[in-house]
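Across the two complexes that follow, chain A remains constant while its partner is chain B and subsequently chain C.
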Partner chain A sequence: MSTTDVTVTSEDSQKKTANPTENRPFVLKKWNALAIWAWDVECDTCAICRVHLMEECLRCQSEPNADCFVVWGDCNHSFHHCCMSQWIRQNNRCPLCQQDWVVQRTGK
Partner chain B sequence: MFNLQRRINGNDEDRKYLETRVAIREKLLAQELKDLESNLRNQRQCKLTLPSTSQLHEMELIVTPQEGIYKGGVFKFKISVPPEYNNVPPNVKCMTKVWHPNINEDGSICLSILRQNSLDAFGWRPTRNLTEVVHGLTSLFTDLIDFDDALNIQAAQMWNQNRDQFKSRARDYINRYC
Partner chain C sequence: MYSLKPKPVDFENVWSSLRPSVVDIMNMKPISSIQWHHKFSDVYDICVSIPNPLSEKLYNEVKTCIKDHVKLQRKIIENVEAEQLLQEYFRMWTVFHEGAVYVHQLFGYLNKQFVKQKRCTDLENYQNYAPFLQAPDVKEIGCLALEIWREDLVNSIQSRLVQLLLIAIDEDRRGNTPAYSDVVAGVIKSFVQMEDHDFDMKESTNKESSPNKSKKTMECTQFYKTNFEASFLKDTEMYYSNLAQKMLVELSCSEYMEAVIQQLEQEEMRAKKYLTEASVRKVIELCQKVMIKAHKEKLHAVCHDLITNEENKDLRNMYRLLKPIQAGLSVMVKEFEDYVKQKGLEAISRLSGENVPQQFVENVLKVYNKFNDMKTAVFMDDGEFSSGLDKALQGVVNAKEVGLGNVAAKASERLARYTDGLLKKTSKGISDTDLETKLTSAIVIFRYIEDKDIFQKFYSKMLANRLITNTSISMDSEENMINKLKQACGYEFTSKLSRMFLDIGLSHELSTQFEAHLTEVKKKDPKLEFVSTQTLILQAGSWPLSAPQLASGSNTSQTAQELADFRLPRVLQPCIQEFEEFYTSKHSGRKLTWLWNMSQGDIRFSYLDKQYVVTMYCHQIAVLMCFERSDLISVKQISESIGITGDYLLKVLKTIVDASILLSDSTTISQSSNLRLNLQMTSRRIKFRLQMPQINKTVEKEGQEAVANTVSQDRKYYMECAIVRIMKTRKVLKHNALVTEIMDQTKGRFMPDIPFIKKSIEDLIEKMYIQRTDQNDEYQYLA
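So, the complex of A and B:
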């Protein structure tokens, strides 16, 4: 999921550069383009259950639940909704920055 | 009441809840203990042991301060991690009698990160972990010793009135109980 392999082959270029010459001892015969991507978010792991936000939280892994989505606070910190709803019952502040917890948005 | 009726019908929600919480705790602990073990390697201030490998949530910590008033002491702590971890902090008790402003003679400990309900930023929160708890307990004998926010008030008073008397009492306790 995180990497993509792209193989480019071009018959034309292979013909032109098939043999090394004196001033070009190395020839590029084939190249693979590699792309990596990452989520543009401040934290990609839920600081409460320590599982990646793109995966289900620790509780939902053992007890499947369709409602395991991600929640962002006004402070821009993100957690699993399940984990955060448990914590705010006890203390309505972000565990990372101690600001009052206000939901900014939710999503997957 | 409703739950009682359901329990009679064989559907025990409390038990199911507890089983889920315990499963979460075990997973969190498995990771944390691994980190903790590597963090505690190559240092002489403390040693963590698990009396039973099937009970990862019951731990013993032995703190051996290398400097300060309590140098030479061997202080045993019992750390027990409740099923609701990490929404709640571990329970820690000091098993060695000690003359300390933040540990009373029953073994109760006053350490900010062990406080479950705290309005400031120093209390427990799920982003904390066992490594922080162990470091906190170790530092309680050196940097974190706090005479202004005392649990053993007599100990703190003694420190304010006569430091030599305090030190000799602390030493006396070490010789007797460690």
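So, the complex of A and C:
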């Protein structure tokens, strides 16, 4: 590194690069961030199979299936997609609020 | 030549010329081919003679003729002295037996036409009564001859013969193999051949010893069995039990075992030489009975000493001797098991110093390897010893430490730490093959662990740490180890571990894509600045981590409050915002929770004599950023500007002051302290990292408690699931049967104790999953 002596005052340094961040006494070089993702749901358990939505639904746990995601209805209730597609064969209403089931979005 | 046409026959005349020939053949005197054909056709003529066939008359005459012949023979043999009896009998038998075969053939037509027909009609007429009828009295000529020989000759000298045979074999046992041993074998064999009725099947010339014959003879050996084998076995039993008594007095146990093995080998060879195949097994079993089984207590008595002195040669002998005895090995197996356990416990009793986990694993492995080799070399990998070894090591690995009361065994944690040590990047290089061997042997110990769920908890914590801090030795080795665990314990056991591993791969991909995305954004707006970012996005639930506000426990929830208003340093905001947008465009329906307390950045200090680069956590960065504009700030001001309060703030500050980046005006930092940037800071290293705040002595202990807590929750859940599964399939079950099945289902994870099982059953009854029936100790599933 070059032998620049930068004082604490915001005096400009004699650095070759005119990078504005270099003016500061603390320069962030690299950043390792850590986050946890979860489905954006009101209730984190699937009301149909009683399994946590972050885990595969009951069916998929016994016969592994890569596509076990979450589905939201217009009512903002959420279930495992697999559970819901079984459910609407018999009853096209949300099992929690009895509104007609309209898919609002699916998770991916 | 010969006419096949039936014609009248003068029986007396033809027979008187036929009879001498029969006697000649019986004596195996040479006979010309023409003469043979004449005689053969004479037999035919008699059998088809008109007006009436004279078959029956011929049959009776032949019978009388053979009887007369045998009577003569008997007179000769009865006068033979004892020394020559066996030889003389064998010589006569050989001739007679061969002769009988020829005579049988000479009367081939009689056999076919008369004997068969007679038997068939008899059988047809009385078919329904066949089981009550005696076998027809008419026999084929060959059999007739042998029967006459047996009845008229052998019966009278049989006891003398048998006695001579037994004496001969007895001599053989004592080391004086008789010169005429083939005669002995031949005589014994004659007892079998006498009852061999299958004449047509074999060639007349090489009837002596065709290999498939011995199999046939096993079927009908009544004479052999009653008249010879029985007394032979009685003799054998007597001989060997006397021998065993004598040897036990004279020899040490070790010598005795060798002697017995030798005796058994010799006796087997002897039996094969003299006796039928079926008898060999009987003789050996008898010998084992009188020499081993009868004295097995004596062997068992020395077993303990042999094992503790590891007298492998004697042990191998003992194994060979006791193996064929029913339940003979159990004492030995028990001694072996106890000894292995004792050695194992010794090996792990005095562990101390830095690397207890490594010492523990290596010492257990040493014991395992040693006794596994012993099991192979000495006990022929016998199943009983394998399970003894397993039981012993299970006892060692899961042993609760003495004096500490009912503390859970430490093995799970130690093994997890050991594998952590192996899989962590270190300065000491380890070759791939070495690592592979060590990981494989860790699995050996893993299989013995009872509380596999506790191991899983520790392992996942340590794996998470390796993955997040990027300190794994290599991703391949991590995956390799996860696969090994999966093999040992199943998919479910490792699914979260695999998920963690997968998350890291996905995150790297995502970071690369994000990097490319940033380049695009910058092209559009060159003024924007983004710091180089690596982001790990972890799936909730799979990782043993959580943001402070989600965690349980009094200590952390206080911290959560102190952190609630945390403001992200300005420098980090653009890239976090950009990332969140980027992430939402890639995925839908997901929300991200940032773990600031675990996020780290590299900060370069440009105000000192050297360009130090310090790795620090997000909260520490936030504090330092306050000193961008000012050298001296009060704790209160810091708190206001970054939004962190209370003890946690002080802990964060302490980590920075400890590294002498900041100076405090009081020895212990308090809310009223003032902090100054240390412009003279020096460090031996140009790159270093700040400690994580909150690290104090209790953390480790808390970690263990937390593990114990989650484990007991998980167990409860696992147990209830198991009970419901079992009851759902069985519907109704007795208490004891239920407990057995529960044990079976849970032993892959942990060993439940009975009170815990009972408690879980009670809870499920309360929750109305099951109910008691009116029977005692019985439960019923409620749908």
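A few remarks follow.
Please note the rule applied: the second predicted complex is superposed on the first by the 67 of 108 C-alpha atoms of A that agree within 3 Å, B and C clash if a C-alpha of one lies under 4 Å from a C-alpha of the other, contacts with A are read in each partner's own complex, and residues count from 1 in each chain.
Everything below uses one rule, namely that contacts are C-beta pairs under 8 Å (C-beta built on N, C-alpha and C of every residue); 3 or more make two chains touch, one makes a residue touch a chain.
Everything numeric here is computed off the predicted structure, so don't read it as measured data.
Touch criterion met: A:Arg50 reaches chain B, while chain C stays clear of it. Looking at the shared chain after the overlay, A:Trp87 reaches chain B, while chain C stays out of its contact range. Comparing chain B with chain C, more residues of chain A are touched by C. In the superposition on chain A, A:Arg105 makes contact with chain C only, not with chain B. Touch criterion met: A:Ala33 reaches chain C, while chain B stays clear of it.
Residues common to the contacts of chain A with chain B and with chain C across the two structures: none. On the chain C side of its complex with chain A, the touching residues are 468, 491, 529, 531-543, 545-547, 571-572, 575-576, 579, 587-595, 598-607, 609-611, 613, 621, 624-625, 627-629, 631, 677, 679. Those residues of chain A lying in contact with chain C across their complex are 1, 4-8, 10, 13, 20-22, 24-41, 52, 54-55, 64, 69-70, 72, 105-108.
Within the complex formed with chain B, the chain A residues making contact are 47-50, 58-59, 62-63, 83, 86-87, 90-91, 95-96, 98. Interface residues of chain B facing chain A in the complex, by the touch rule stated above, are 20, 23-24, 27-28, 31, 86-88, 116-118, 121, 125-127.
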